Amino acid sequence: MIKNIAVLTSGTDNPGMNAAIRAVTRTALFEKAKVWGVQDGFYGLISDKITLLDSIAVSDKIQRGGTFLGTSFCPEFETMQGRKKAFENIKKHSIDGMVVIGGDGTMKGAKLFSDEYDFPIVGIPATIENDIWGTDYTVGCDTAANTIVQALNKLRDTASSHRRVIVVEVAGRRYGWLPLAAGIAGGAEYVLIPEVKTDLKKLVENLKKRHAAAKTYSLIVVADGCSDISTIGKTIAEETKLDTRISVLDLILHGGAPTVNDRVRASQLGEKAALALLSGLYNIVFGYNKNDIVTINLNDAVNNKKTVDEEYIRIAQILAQ
Amino acid sequence: MIKNIAVLTSGTDNPGMNAAIRAVTRTALFEKAKVWGVQDGFYGLISDKITLLDSIAVSDKIQRGGTFLGTSFCPEFETMQGRKKAFENIKKHSIDGMVVIGGDGTMKGAKLFSDEYDFPIVGIPATIENDIWGTDYTVGCDTAANTIVQALNKLRDTASSHRRVIVVEVAGRRYGWLPLAAGIAGGAEYVLIPEVKTDLKKLVENLKKRHAAAKTYSLIVVADGCSDISTIGKTIAEETKLDTRISVLDLILHGGAPTVNDRVRASQLGEKAALALLSGLYNIVFGYNKNDIVTINLNDAVNNKKTVDEEYIRIAQILAQ
Amino acid sequence: MIKNIAVLTSGTDNPGMNAAIRAVTRTALFEKAKVWGVQDGFYGLISDKITLLDSIAVSDKIQRGGTFLGTSFCPEFETMQGRKKAFENIKKHSIDGMVVIGGDGTMKGAKLFSDEYDFPIVGIPATIENDIWGTDYTVGCDTAANTIVQALNKLRDTASSHRRVIVVEVAGRRYGWLPLAAGIAGGAEYVLIPEVKTDLKKLVENLKKRHAAAKTYSLIVVADGCSDISTIGKTIAEETKLDTRISVLDLILHGGAPTVNDRVRASQLGEKAALALLSGLYNIVFGYNKNDIVTINLNDAVNNKKTVDEEYIRIAQILAQ
Amino acid sequence: MIKNIAVLTSGTDNPGMNAAIRAVTRTALFEKAKVWGVQDGFYGLISDKITLLDSIAVSDKIQRGGTFLGTSFCPEFETMQGRKKAFENIKKHSIDGMVVIGGDGTMKGAKLFSDEYDFPIVGIPATIENDIWGTDYTVGCDTAANTIVQALNKLRDTASSHRRVIVVEVAGRRYGWLPLAAGIAGGAEYVLIPEVKTDLKKLVENLKKRHAAAKTYSLIVVADGCSDISTIGKTIAEETKLDTRISVLDLILHGGAPTVNDRVRASQLGEKAALALLSGLYNIVFGYNKNDIVTINLNDAVNNKKTVDEEYIRIAQILAQ
């Protein structure tokens, strides 16, 4: 019976990770289990940066961005030797299960380790890009979308004052949810995502028509998985002769106090993950399917590619008319 | 065939109403229908404050709180004579269907009118309290929850600096979702809602224990449907001898730029409402069930009482440990 | 020579206090002095809650609201016996000077103690009401003004949606700066402050005229030093027949991440206070006069009453036309 | 006697410009003068986009970023022919004075025009860089500094979670006030400005020492007037072997709802500018010297270079220890 669990965050940091750690910890403590906090992701497993967590340790954390445990990308964990060291430290502390919070790469690492050492792991998907297969939601995506919309509000002031076209790049290399959600909410005129081939020529024609008519400015949201933003900006400027600028929103999307949605859902996923692990249910990832909490096989989560909601694409186009 | 629709907002204003109006308008225009904007809710129907909306009219509105059409509580619409005047004005403009955006009272008024004159109406539920039966979500509730959490962040600064107990009142007369969601997300120590009888004596005992131990401050979120906040505050102060303060968050919860969630969902509901009405589907309310867009019979929406999610109550208790 | 100083915060908490503590601490450490942090204001002196601060102790604090040292109102310090205990603890740690951060009441307590024991004290004025004589600025007032304006933005959404009059109460018992600054910045139609006798009859007449003309809503900011807000609200509602609501902004004005202005100025005052004390200059309060950092005699700061800037009153009236 | 004035915004847009336009307009109306709003800066003068403003026209604008009149960079105004057209349109509307709101380039254009046609102009300095000679303050700089600090808060989450060095570029080509103020307030470890030669070698040494000791992350704010941010980032990464990232904050610094400070000061400058012009005082720029409103000769404002406050440089260094 599992009574001694570890929790770690790995990969990029995402708002709501602290809420998930807190929920895992307090739920496990409530169930009379021990909880170990691993610092700096898989690297902390390898270098034995592992300490016991009590209720106070996760106090005053839910409202903070980032992850108080620290996180990292850990190439050493991709080697057999690295994982061996990690397992030795896990044994040393008699840890018999682990909750792993992170994105796609993290889940792959967790899968490898779990297979190799037959070690119980439960995953909580956390990435602002919302690109984990099998779940509608990943921790951090709501906060990042709101951060983009707040930036779009500022950019709209500037675009409308100068009658500009502003092209904004945001995360979305594999999956267009974040640019789409932020673009719909921010009232962007166009959203370019990797799932839909960008027809730059048509975009230019549309922009010309709009600006010849009443429209005096345009905001274009571009996923970083599309073609290069400088090229897009330059093409639009040259072809339309409109005052065109580009702006890149990068690191700031990973920080900031999480929204209510990210806190509540991270809390729910954390609670479910801890309860599952403690009751012997593992090698799964917890997620949401249509607002229901569901479990996804770790193998499936890692080996499938998510497809974007066609409804979002359609509504983004109609409402921007 | 319906080709001439009206849209109005009624009752209290809620963040996201503008996104819903915009989506109704642009979707209907895309479908080659005419759209009339009614000012100040049902009152505008009665006094013929009705004007045509084009695409520009709803431009630069999605990011704004409140409702640019205006809203009101309209006692005159509760009289047969009032509704008769309303119907005459509707006929005058050859309007043959209407989207009504508002809360419980608004839906009741819409139902009455629709029955009386056999007039096609589609409802979009909008209320920060999220208290409409048949839907998990109502327009404005996510923004209001985030506004509360931002206030709780400020209050936590003050509570922890002074080692205080702060009791915060928020909307939730009939349904405890808003205080629960905000309380979980804000890391509140206790959440008092109308669905669970408040045991003030036990609360006082718990507070004493906590503050005798490590805990140096407590935030308590109270729905305005519970017993009087002054009484709660006074009882806690007298019984625990702790420095106890109360604060009421009222009108500010109705304003403010809507969150991404409220904008995207209000847009989706607005689009669906317009499409339904134009294709001859009416006397329904659009809502979300587990993240799927669903329709609720207007009659059912009006005559049933929502019950709170037990999971929320449980998680609020466990995570506050 | 003073080489061993204490720092404390007392009275209400105010945004920027942490920036001041940090600046005092790091400046003193830079000058090779020892710095003691006193918890919970004068109460911590009496109960010997006094610990050494190093550079790390004030790390990651500048962006936080409240005061990490804690604060309190301490009646015991108003007694000779209380102050005697405080002095004994100060001697115990060989502390030979103290920086005291707080408002009017705090400065009075500091003056008393300094006189009684001939003990070197330097004050930093901190209060959201900006009501310390001899300085144009007190720590926290800029953040509080911005918090009010953000609330006014939300209230404007609601006021304009409903064509309401909203009366908002904010701090300003002795001095009208905060309501005036927030009212000017928030575009309030009227600002009522203790320095100007409220002519409710004239206000009602003006409101009637405005709302009869184009104006569809009004925001009125009231200092809590004026007559009772419920009475004001009731009178306006009855006399104008306009939809009138009241809202009280209280505890939330004391919390929240400080603005740039509060952080920079609190830092500058903290640095000057530490340098002065270490170089043997004391029984003064540091403040700003027309943007220059100045010193005010502790006696004068405590015994004079500030008067409001007539320019502010005039501009508030002209710009609201 | 001047009774017929124009107002325009020119160059980049800055938060608070709307507050200045509103104050100019309402003050002039209060003094029974006519006010003409010129669209899109000097370009609107040339193309006769000039319309009368009444009190309602500037209503509901004070809280908005950008400039509702529009702005532009206008090369045509740099030609004699362009200015001739502008003057003809001014005569056409019998305009006998003008308030010009903008930065350095705008003031230069205004000076040229004023000299050439002996036309009365009063300037209001507006630029987020705060780089106009003769005034401590320019409209927009407080909002921009707060926007940077909010971004630094998010970046700190990410930097501390990953133990990173993050280098952030902000505006400050000619003058280091903005990076310094934001850096001090944001608790940045280093601030690089054009006024102080960057010693990258020393910076690298310091970073190594810090990170070898307790410090786990560093934020470095760089003015865009310093050497290239990519080079800085690359050098730090290579020399320190620390995880180093760069991020550029550009267009978002120009938008957003203005702070209280920017609104109040823009209002005061707008009022003074209108009053001066109407009473026959012109060819001056209004600014602040140590919190007093002062006038600067337009010639001097244009031909002098501002120097940075040494106190700021010192405090930035000491407090980052």
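So that you can tell them apart, the chains are marked A, B, C and D in the order they are listed, and the count of residues begins at 1 in each.
By definition in this document, a contact is a pair of C-beta atoms (placed from the backbone, for glycine too) under 8 Å apart; a residue touches a chain by one contact, two chains touch by 3 or more.
Protein names from UniProt, one per chain: A, B, C, D = 6-phosphofructokinase.
Computed from a predicted structure; not experimentally measured.
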Shortest path length from chain A to chain C (each step joins two touching chains): 2
Set of chains whose contacts include both chain D and chain B: A, C
Farthest chain (mean CA position) relative to chain C: A
Inter-chain centre distance, chain A versus chain B - centres from mean C-alpha coordinates, in Å: 28
Chain B and chain C: spacing of chain centres that average the CA atoms, whole Å: 35
Interface hub residues of chain C, defined as touching at least two other chains: 153, 156, 160
Overall pattern in which the protein chains touch one another (line/ring/star/complete/other): ring
Interchain contacts (touch definition) - all pairs: A-B, A-D, B-C, C-D
Complex interface listing, chain B residues touching chain C: 9, 13, 15, 17, 40, 64-67, 70-72, 147, 151, 153-158, 160-163, 166, 245, 247-248, 250-252, 254-256
Touching residues on chain B, where the partner in the complex is chain A: 19, 22-23, 26-27, 29-30, 55-56, 60, 62-63, 136, 142, 145-146, 149, 153, 156, 160, 181-182, 184-187, 214, 257, 259-261, 263-264, 267-268, 271, 288-292, 311, 315, 318-319, 321
